[in-house]
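Before I ask anything, here is the structure I am working with.
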Amino acid sequence: GKFGEYGGQYVPEALMPAITELTDAYERYVLENEDGFMDEFRRRLRDFGGRPTPTQYAERLSERYDCNVYLKREDLVHGGAHKLNNALGQVLLAKYMGKERIVAETGAGQHGTATAMAAAHLDMPCEVYMGKRDINRQRPNVFRMRLNGSTVTPVTAGRGTLKEAISETMRDWATNVEDTHYVIGSVVGPHPFPAMVRDFQSVISEEARGQMREKTGGLPDAVLACAGGGSNTMGAFAEFVDDEDVALYAVEAGGSSLSVDEESGVAPNSASLSTGREGVLHGARTKILQDRDGQIMESHSVSSGLDYAGVGPELAHLVDEGRVTAANVDDDAALTAFHRLSQLEGIIPALESAHAFAYLEENRGELGDSVLVNLSGRGDKDLESVIEETEKRDIDIAPDMTEFAGGF
Amino acid sequence: GKFGEYGGQYVPEALMPAITELTDAYERYVLENEDGFMDEFRRRLRDFGGRPTPTQYAERLSERYDCNVYLKREDLVHGGAHKLNNALGQVLLAKYMGKERIVAETGAGQHGTATAMAAAHLDMPCEVYMGKRDINRQRPNVFRMRLNGSTVTPVTAGRGTLKEAISETMRDWATNVEDTHYVIGSVVGPHPFPAMVRDFQSVISEEARGQMREKTGGLPDAVLACAGGGSNTMGAFAEFVDDEDVALYAVEAGGSSLSVDEESGVAPNSASLSTGREGVLHGARTKILQDRDGQIMESHSVSSGLDYAGVGPELAHLVDEGRVTAANVDDDAALTAFHRLSQLEGIIPALESAHAFAYLEENRGELGDSVLVNLSGRGDKDLESVIEETEKRDIDIAPDMTEFAGGF
Amino acid sequence: MANDALEAAFADGPAFVPYLAAGDPDYESSLKYVEALARGGADVIELGLPFSEPVAEGPTIQGAVVRSLEAGMTPDRFFEFVEDLEVDVPLVCMTYYNLIYQYGESEARGASEASGETASTGPRPFVEKAADVGLSGFVVPDLPAEEAGPLREACDEFGLDLVFIVAPTTRGERLERIMEQVSGYVYVQARLGVTGAREDVSGQTEESLDRLEAYDVPKAVGFGIKTGDHAERIVAGGADGVIVGSALVDLVAEGHENDEDADAVAERLESLARELKDGAERGFAQREPQAERT
Amino acid sequence: MANDALEAAFADGPAFVPYLAAGDPDYESSLKYVEALARGGADVIELGLPFSEPVAEGPTIQGAVVRSLEAGMTPDRFFEFVEDLEVDVPLVCMTYYNLIYQYGESEARGASEASGETASTGPRPFVEKAADVGLSGFVVPDLPAEEAGPLREACDEFGLDLVFIVAPTTRGERLERIMEQVSGYVYVQARLGVTGAREDVSGQTEESLDRLEAYDVPKAVGFGIKTGDHAERIVAGGADGVIVGSALVDLVAEGHENDEDADAVAERLESLARELKDGAERGFAQREPQAERT
């Protein structure tokens, strides 16, 4: 359960037996494919989730950057992002474990909607905790969860965003631990979550590695993925970690600045790998945005899906080891990359994924001849944010926003 | 260019040479795979579009209906619907023909967004005509087209909906016919469009037929698809037409009533196959919603994508021949089916596709042991409509709408 | 073929062929407007029977279509309109094929509703009725030669002409196919696009006229002609007639918007008609020597 | 292990162990409140050092955490607070591990910033400081026995106790592992869930006490105890002490919301403390004969 110094199980005692039980189930079902769990998981990922997703050669980006750019198209997964890979795996595992209820937290709503879809598909009652402020910002996602039959419970504590929702979900779990499974949405939390979520997400790199070999006869020189909690990142990297010639770049949200405001407890970025400090949050030791005392900071990013003060412990370890390069781009660059990809490739990316493309733009020519970018999700969910954020800035490639001033 | 009495080329003389040129290109590139056109098309459909899409066994629907229900998951195609199959084919064909500009019309915005994506992908300038009223109702789709670099031109004629947009696009084409290709969005219009669009969409049934064989060792007893213009319908049926034991059901929008109001020129449905009369519209002879004199009626459906007064000539012919059964379900049934699928299967369907599921509900037990339903698109685009329309009705399985009263 | 009136209208010098939508903006005013065109020197009048989806028309004539439909125009009213008109020039019905086709369908439907059958009768009943009220022929913008068989037959049966449009893009075999079927006159579309008055005259016109030189049928040029000067240049360039629609409809629209007296509008229409007719005649006078044509 | 104060507090009859968050709702009032608890009969006091993500707490204690943080509570202020307190009962610091861990980190960072190195010092500096100001031990809700090694070592070094929580779900090997490490007392979590006052007493408590019977360390039961009656039943059921937090914090919150005088609130706290302490003692009196326990 450790990745170097990182990881572990820092949770209330009441949860420890559940975590032990989950660790056991993870080892048996996921690692050893007991009762054909992994076969069923892969089958459902295929038929329900739409896998495999393509690895696409991006003609116009390749031309622009004078290298071969490939896109791993996780935006095509059911629900519009890689999130389903994990949600489906965990809900299915909960079923194998005989659990009767699912809880999950969500920030922007992507993990919540993925879990709600998986729970409906597998006929499991599901309750999703979501900060009150996020609920107000992400009403379509709230509605989608409700449509799928899930209960969405507002969390009013603190600033009403993701980290409060995570804490609240841990409380529910601690209360109902005997019949409930907590579907954590990223490679964070206590062991076995970081390893398990990585394993469910590693289908991304497993497919991409084969597809790259098929298309190019070899492996890419670099793999780029955006990093918030790090689930798409670890998913995109996992099968390449042992390929030493493949450089791995985890691109975090640089937000509006890499500095922090300790007074107000706010970091105007979500760059835990780049600027965070080792600590313990939500069950694991990892890199965290925190003040001098150890109080957790409110993070910020134009992309709500990256907006988290921690990061997966394994990713933190791989960065420390030098295997993964931690990088970041700011809000402006991400937003510009969003517009660029939409126009050049006919793909509207999630603002999360746009960070990886912004890094590609900023480092053109320096990443090798063959670059694989994980397009972790589609941007339909971000349209309102894009209008709002584009209006504030002077992005010359953006379409005229006049007609959309103030949103839809 | 005829399907029995239906079809033909009823267009202004100025367009005839373009149509002749297109017919020639269709025969060479599409039918004969000249210059490897179809290979490139299929490759792009795979890598850019995300094909093949799965044929999924729907466990909970199967249980509910006591038969085996399979879903052809066109909702997983890039852009969220089958529309890209055709848009990508036509934009690519335009490139092979040396055209330098794309025009298209759109009603709800699905074909427009698909065309805008394909045009960006293939680096073709694109102008999309859209009724002013539709623009106001579908602002997110307008924004998506703009993001992809397309121009969206409002059409103020008439009631400002799809049929006016089609007429306006034909006018643009008639003006710029020498360097411009008109990407028609369905199996309608003058020959070769109905045949060509069917061929591009028939990848749906080609895949599904193979997938059903693989999954069940045979073919389904019935195939259900919703029908507006009929592109997903013909796509889902094409490869099954020769399988005489496979029953084919085209489910139209019954709207609020199958009657018509000749005085106001409005049909409160879009059931051209069920209630329309033979006539000539937008370049083809087919079944049309028209008044006694032959003036075209305004159609209506809760699903804007089915909201069209005509239907593909081949589909009209197959209905006359008895090969396809024309059916319809009303707005209430479609909306209820939308909620049912969302809750039972974790898939939020397009309101269009929901019509096919409503027919399944209404005819449970009568469609055979194995039923394939074409899930033509996802419902994210319909969330606002669903709120508005659900509020008006008493649908007991719908989630509580109070919080969403008045939209997002 | 059977009807001489149209060809005859082109026999003595250049023909001026104005267009108006019947019933625009209302039945009574429209009667006056069409009669004003006749007084202004029209040799043939194209009368539009409005269709809800006028795909070949620009904004001006779309406006006329909407006004006429809103005022209650229908095929039956159109035939009455023709009967009520007091003009002595040949009239051509310009409409879209569905209205022609449905006229027969709906008659047949009325007859067969009891029996539950639906018989497709095609365009014959419409043509028969047209002949009956004294129309001389048809222009059907969405009916290319390839689909025109049934209408052509009915026209032959009842002695009406079927005018076809030749576009700048119409060449070779297609041109021949059209010219085999055309009668009355050929409508030479001056430029690509849709109907509508323009500020200039297109070079495409001359090319088209050159292509048509070998054919014997009168050539009337339309699309974009707005003034006497345009008409002059077109006829000087070799056209046997000019077709003018949008410029005239603009006057009707203007009068309607300003709530003007129909007689005042009719006077302006007559005056513009005269200008156009005069322009055509000036152009015709310049036709010798033909060598000067570029 | 090294510190006898905690075990001693349980030696003479049942211990009443109240909890308050230090600095809630402000530094000065909080001092008064904690002192009131001591006057009300507290045998040990659990003092919360608030952490921004209190995952084990219910809404009541979350509220206390927010108030205290907003009033400026920090680890350094907390140590001052302990020094400023005038009470003569042992104090246990209840906090989350990151604050303990970071205290060392930030000290080390201060020292190493010039050299650019980052040394992980772990919990030792925090424990050293805690011993310095006279704290007797720790409860760390997010630190299970498996991860407690470094803190345990530091506690041993400086003679502090490390209290562990035993949940209703803690059994078998896990229980043994905890009981090997625990010192001072064991915090018996009366029910699943998070902290918070409840209307009833859970049957899970008795089961837990049964499981712990073999172990020698004092057993204090917490989670949900609200009244003297609750305390009575819990102690009658075999507990060596009762831990009460939310019911007391409720009084602090109430006073804060109503802008009450701190002394008035302190009085009510003292009174509730006394009720709870009395209840515990009544319960203890019923302990013989033990056979009556179901």
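By letter and in written order, the chains are A, B, C and D; residue numbering begins at 1 in each of them.
As a convention for this text, contacts are C-beta pairs under 8 Å (C-beta built on N, C-alpha and C of every residue); 3 or more make two chains touch, one makes a residue touch a chain.
Quick caveat: nothing in here was measured; it's all calculated off a predicted structure.
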Ignoring chain B, which chains remain connected to each other?
A, D | C
In terms of CA centroids, furthest away from chain B sits chain D
Starting from the mean Cα coordinates of chain C and chain D, work out the distance between those two points in Å.
96
Between chain A and chain B, what distance separates the C-alpha centroids? Give it in angstrom.
34
Distance from the mean Cα position of chain D to that of chain B, given in whole angstrom:
65
Among line, ring, star, complete and other, the chain contact graph is line
Output every touching chain pair, sorted by label.
A-B, A-D, B-C
Which stretch or stretches of chain A touch chain B in the complex?
46-48, 50, 53-57, 60, 73, 75-78, 80, 116-123, 139-140, 142-144, 146-149, 339, 342-348, 380, 383, 386-387, 399-400, 403-404, 408
Tell me, which parts of chain B touch chain C in their complex?
5, 8-14, 16-18, 20, 157-158, 163, 166-167, 170-171, 174-178, 265, 277-283, 288, 290, 292-296
Could you list, by residue number, the parts of chain C that touch chain B in their complex?
51-59, 62, 66, 69, 74-76, 96-99, 101-103, 105-106, 109, 118, 120, 141-144, 146-147, 164-171, 174, 178, 189, 192-194
